[in-house]
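Working notes, beginning with the structure itself.
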Amino acid sequence: MSEASFFTDMLQSITDRGRQLLFSGARATQAAAKADLQTLCEMLLSSRGEASGMALAAEILDRWEALDSEGAQAFLDMLHEKFGPDTVRLDQAIENYRTDKSSAAIIALHQAAEPRRQELLRRLNHAPNGTAKLVRMRQQLLASKDQSEGYHALNADFTHLFGSWFNRGFLTLRPIDWTTPAYILEKIIKYEAVHEIAGWEELRRRLAPADRRCFAFFHPRLADEPLVFVEVALTRSVPSAIGDVLVEGREQINADEATTAVFYSISNCQDGLRGISFGNFLIKQVVEDLRRDLPGLKNFVTLSPVPGFARWLAKARPETLTALDDPKWPDNEKTAAEVERVLLPLAARYFLTERTPGGRPVDPVARFHLGNGARLERLNFLGDRSAKAMQQAHGLMVNYLYKLDDIVANHEALAQRGEVIASPGVKGLLSQTDESRRSGNGQQGSRPFAQIMNTTLGGGRK
Amino acid sequence: MSEASFFTDMLQSITDRGRQLLFSGARATQAAAKADLQTLCEMLLSSRGEASGMALAAEILDRWEALDSEGAQAFLDMLHEKFGPDTVRLDQAIENYRTDKSSAAIIALHQAAEPRRQELLRRLNHAPNGTAKLVRMRQQLLASKDQSEGYHALNADFTHLFGSWFNRGFLTLRPIDWTTPAYILEKIIKYEAVHEIAGWEELRRRLAPADRRCFAFFHPRLADEPLVFVEVALTRSVPSAIGDVLVEGREQINADEATTAVFYSISNCQDGLRGISFGNFLIKQVVEDLRRDLPGLKNFVTLSPVPGFARWLAKARPETLTALDDPKWPDNEKTAAEVERVLLPLAARYFLTERTPGGRPVDPVARFHLGNGARLERLNFLGDRSAKAMQQAHGLMVNYLYKLDDIVANHEALAQRGEVIASPGVKGLLSQTDESRRSGNGQQGSRPFAQIMNTTLGGGRK
Amino acid sequence: MSEASFFTDMLQSITDRGRQLLFSGARATQAAAKADLQTLCEMLLSSRGEASGMALAAEILDRWEALDSEGAQAFLDMLHEKFGPDTVRLDQAIENYRTDKSSAAIIALHQAAEPRRQELLRRLNHAPNGTAKLVRMRQQLLASKDQSEGYHALNADFTHLFGSWFNRGFLTLRPIDWTTPAYILEKIIKYEAVHEIAGWEELRRRLAPADRRCFAFFHPRLADEPLVFVEVALTRSVPSAIGDVLVEGREQINADEATTAVFYSISNCQDGLRGISFGNFLIKQVVEDLRRDLPGLKNFVTLSPVPGFARWLAKARPETLTALDDPKWPDNEKTAAEVERVLLPLAARYFLTERTPGGRPVDPVARFHLGNGARLERLNFLGDRSAKAMQQAHGLMVNYLYKLDDIVANHEALAQRGEVIASPGVKGLLSQTDESRRSGNGQQGSRPFAQIMNTTLGGGRK
Amino acid sequence: MSEASFFTDMLQSITDRGRQLLFSGARATQAAAKADLQTLCEMLLSSRGEASGMALAAEILDRWEALDSEGAQAFLDMLHEKFGPDTVRLDQAIENYRTDKSSAAIIALHQAAEPRRQELLRRLNHAPNGTAKLVRMRQQLLASKDQSEGYHALNADFTHLFGSWFNRGFLTLRPIDWTTPAYILEKIIKYEAVHEIAGWEELRRRLAPADRRCFAFFHPRLADEPLVFVEVALTRSVPSAIGDVLVEGREQINADEATTAVFYSISNCQDGLRGISFGNFLIKQVVEDLRRDLPGLKNFVTLSPVPGFARWLAKARPETLTALDDPKWPDNEKTAAEVERVLLPLAARYFLTERTPGGRPVDPVARFHLGNGARLERLNFLGDRSAKAMQQAHGLMVNYLYKLDDIVANHEALAQRGEVIASPGVKGLLSQTDESRRSGNGQQGSRPFAQIMNTTLGGGRK
């Protein structure tokens, strides 16, 4: 039994007893047994004894778990409607603050403006498995696609609390490999979100070889659940296609022969923790870890999908897509070459000049890596020919380069000036877009792509 | 190396690099190198990149650690003065709320009222060993005995954050015994606050025998530091004197022969976590743990000091104390008997009827146990003849009884009605106070104390 | 990395260095580099320095590993021919013993009679992974199906040494479950010898449910390799067919609802350890372990194959087998009933009265369990309809009952008097064999089998 | 509870049950209950069931533990007298061998010559804690100072079995530091045999600082007991006096600043394993371990006592000792200088030319290190002024140098040619002995010792 489940068992036994006390025997507790969830929540907020508090928290969460989807929505609504701030107290605090600008008055104001459900959620967290259940509760909230004021208010409270509880200081990095317990490994299969793992044999191929690594963040209170994990290939060059990384029967190398660590899949595991960012910390810590263990590693790159590209392209340049209408276009060498000539400059534009209304890169994966301070290193034409990748990005993949010495500067360039830092090769492609070519900058277009790319990385492709 | 320190090392290496980037080379970072702590804190609050954020947090905490006591006080003052809420924004939020009572407006108000140092402290927590350093920072604050508004405002922020970070759900209970690593054990010696541990041999006598137990709470981020621990003796009767528990060469029993678990010492370890209550959870979980492992255990009691008794007595009944003026009074059998006759009824009154202005028991240890739902079980005359106990309590010790089935009711009796739940024996003593005796209720006074006590516990004293 | 492999790495580095010294530079070591394996073995036997000894041992085992099958056989032959006892010394020792019957003379005689290869194997064991390699070396020996004198002599030496090294006192029992590392689990799939495990999903069904257990013995020097393991089903009755135990989608129960632990598969993992018996210890320790954890368990039984039955039957009663000639016979209800009527009494005779020339039960699985003191509890007609079981035993399975209080007596009955202890139900079947029925004892034949069986076990079948 | 004790508990419960069966109820077992130890041993040797075997083994060892010293001696005598080889069988085997020189005949002879107690001891080893008890049994044997034939025969059997069971392949190296459990640490205090550890504070000074290391070998079956340990100081030069290493308040360095690892104390822990050599493996593995962790380490030396020097000197050169008669001689600078001038050359002779009758170095510590392939590096006048060292060696200490590249050659030089490999400095001293000086080789005598020494080590002394 893992330590976490042992601990859970113990908590369970404490609270079972408390609940027994609460809900048996005395008159007062008979009332409690019949109480509806709102009443129980009020009781929990006003309780002062810890044993009764833990029992109440457990009772509430157990009842909540038994709710059907309608009931669960009603519970969320109730949290919003009934456990907002005490507005009477808030008005008093405002009134008081008008005449007394002291710290004490501000504290009182701050406390009065805090929705009562924040304290309620903190107390629910005392229940056995409380954290896991609250993560699921937020998952329900996010799934509700409710866009009401209540939704946003409630989400703000969850986000605030989870940001504190899942503070990076409390996370533990653990390697995932073929010595990892099976019950963790099956979650890796389940949560892999980028390149599906077909079963245990494929999992073994990703974890067991000497030139493969995987790392996950865990939280002490969710000990059996990875929060986020990254899969890494150790190679002698920067791969341009995911097939080369994942193919069965590929040639393996010793870890100390590798010059390059390729982060080819990063998956968040807990829907209920969406927006609580761990991935950036994960990559940076893994880079440090690998550098220390394998001094031969010089390049740290990703091999990443471009999930928003096809949709953007369909809107931005519908006329260029006709060749893509035939799903077999990659098989025709001539067509493929023509597509490549047109597609890559457009992709460069997609990354380098397109922006969301908020001024950020339009591609979500790009937002993540560029926001972390990575550099857009290379565009890989037909890097992934899976159905999903063909549909999302016409097979395009990209490499982002993590160079620790440049991370801060890259990040600041994007954050302050809105500038995407990219390799010369990628920037060169930009001048080949229709507009550029029309304006006479197209001479670079004849230079083979692979050659361009070779100049951008110390290693060079095979 | 413990996992925690391994992790710390890794964090250190990440942040060292970040710091290097920050404070070398570029013009901007040269400025940072010279920046004062306030500027760095502002930078940290406005930073968006995690690597730079961790580096800044580490830099700030390192500089803070190097401050002398004057500088440290100035730092605390700065946190209060410069990192309170943004009052312009707060005033706007209030103004807005007057016309718009929406959740969004309240959230905005709540956020505006939050002192900016709360977010600052959250970001400082990202630094290696950040949690430990912030705990020390609060320890400095508490030690400053400052009673200014700033002190209270700052303390409120720490209390709020620590309450969330040290949520009971995140604590781990670990047994402490003779198989525990030495670096933890030496902290047990250091932190023991009730009955001093003279050295390793005495520690061994408290941990190694089959009829002794010790448990501590740990937090994953402070892995090498116990937060609170309790020492337990397993016995066949409820002891009335600490000497019987601690004496060298005492007769040992097998754990499964024991009927009674005696919590004879509970020590909080971290001054900086004062007021973040763990002890109540600790006792209740240890009770559950012991019950499960040792089904023969029927009684769970403390053997506790009465630290406030002598001071109270000196004020309340100066005239009764004359016999106590001679430090050798316990050696004179007749004097001792007379003191006992007078002292115990007064002690009963001290516990049962005296109250703080806030309506709580005056004795701090009583507040803790009674607040947890324990029952005041027995007064032990001359239970501790150490100099400290003679000075604080004229040697008085008491047993508090933890009966899980009664905890909630006992707690509620105190919380709701201000009633201290005590055994009949203790309540009987109350009628023997001067007032009672004057009013003719003194007949019980002739009943021997030991006999009274025997009726209150199933076991009975040897 | 497991502790064992860490240790292995370290040993490796020590011996690499030693080997480097041995086989480089100096003239003497150049000779060694060219030396044949026999010379190296002689060097190892005469070496006194440990560093050089470990290096030599590693060198010999490395060269041995590189041999083809012919070379490997030649190596085994050499061990027998060249590293037997020193016969000159032996003759002297005998001569001396004739005149001097002292202990010292006997010790000298004993030592002189010890084949030199015993010490050679002990020294080879110092090499990194030496134990694993020597286990493989014996595996080759056993596989050679050589029946020469040399084979037996060499095997006697291995058996003697392995018996000492794998002394039960040095084995560790570990539960195997869904928290076990994957690299151990894949070996469970590989080594399962009774009921094949088709893949990870089936493995999960055998390990993860609350009513399943698995235990293995490990040796500290072969830390990544189970030696033997047993799979256990926790049930509410004694199962009569393996299909009920293994079927996907079966109803699961809580472990504490179980009354019966069924050992349905026991597999030895290391061919090279054949004849070094662990299985008996394993079952008995697992019984103790389960009793302690699950006091509700009352029956400990196996569900076992009968691998020798069909072969015996073909010889013993060829005329009874005609119905079995049609492989679809079990599908015809009437035929099946008739087969059952004839087969079970013969099976009873197979177990109860047939004996090997050495006077032991003829079935190998029966020899194992009955020799351990189990009782033959029940014959299960068509308990296993897999092709293998149909071919080996016409589908027959049996339950052996492990009742700790009777184990010694059962064992002694077999060992001293050659008596197989069986349940009344099984013994009753014996009287139904042709011979019995001819002599008029057949009346019990009409009693339904299930009913007979029900009387033999407290539980009773569903 | 450690895994080892858990396992012990389980074994205990199996054997308790077996014993209950054996010694209760049936007539046969009543006999057993009364049987004397010899009868029980015969029963154990003839038993075939494992459960009864383990129970018998446990019963025998329990009874043996209860014996007084006379009874224990009688038990040892019985092992020798009654459990030697079966001489009738041996004579037959010899007779058979005369006509049949086959392997089978030799095996039969070998087995017949094996004392029956070897198998008896193997079976006793199955009992819970059997290994530990047998180690104590041999400890008693060694302590008996019996020099009879029986003693030697019995000791040969123990040595043979322990050599196999404690084969280096089965030992585990573990670091001992301030994170080690207290129950192991107290054994370090207890077993330290060279420089006494006065208590926990001194232990802390030896284990906790960054420039200190300690390593021990453990055996899986004696998990709570170190077999041998070595204490290491990491320094910047080769120390010449133990006081510099152990002094309280000495200046500490970082581990990675160290150039030299000093093995200043090696202690065997188990008297019952005397002669089963681990220390040589320990040193070599620790050297490898440290090299890997701390690449800055260049020198691996000991700082060792010379326990046999004073005794040898008293015999060899009684006339030179007059100055040493005054125990305060080291305090007189002039006397000390004169003693040094005389003593060191004699010490050189003691190491380099004196030999035991068997041709080995006379000093036991020298035999150990030189036999391991170390080089005698430096003589340290007044290196240890403790009473013990003054008495044993007039304060002399020496450094032995472990240079992995030379170990094999050094070892062979001693083993083959009887030559002690020493530094030029030490060899130079040899020419200063009386004999040398008389023959005119004394001119080197005027060269200061420190200067000579400086030339022998890269580092050089401060």
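Each chain gets a letter, A, B, C and D, in the order it is written, and its residues are counted from 1.
The rule is simple: a contact is a pair of C-beta atoms (placed from the backbone, for glycine too) under 8 Å apart; a residue touches a chain by one contact, two chains touch by 3 or more.
Note that the structure is predicted; figures quoted are calculated from it, not measured.
Shared contact partners of subunit A and subunit B, listed by label: none present. Mean C-alpha positions place subunit A and subunit C at a centre distance of 50 Å. The geometric centre of subunit B is 58 Å away from that of subunit C, both derived from CA atoms. Subunit D has no residue in contact with two or more other chains. Contacting chain pairs in the structure are A-B, A-C, B-D, C-D.
Those residues of subunit C that touch subunit A in the shared complex are 1-2, 178-183, 185-186, 199-200, 204, 207-208. Contact residues on subunit A toward subunit B in their complex (touch as defined above): 3, 7, 10, 13-14, 17-18, 21-22, 26, 48-52, 80, 84-85, 87, 90, 94, 97, 101-104, 106-107, 109-110, 113-115, 122, 125-126, 130-131, 149-150, 152-153, 156, 161, 163-165, 167-170, 172-173, 220-221, 280-281, 284-285, 288-289, 292, 372-373, 404-405, 407-409, 411-412, 415.
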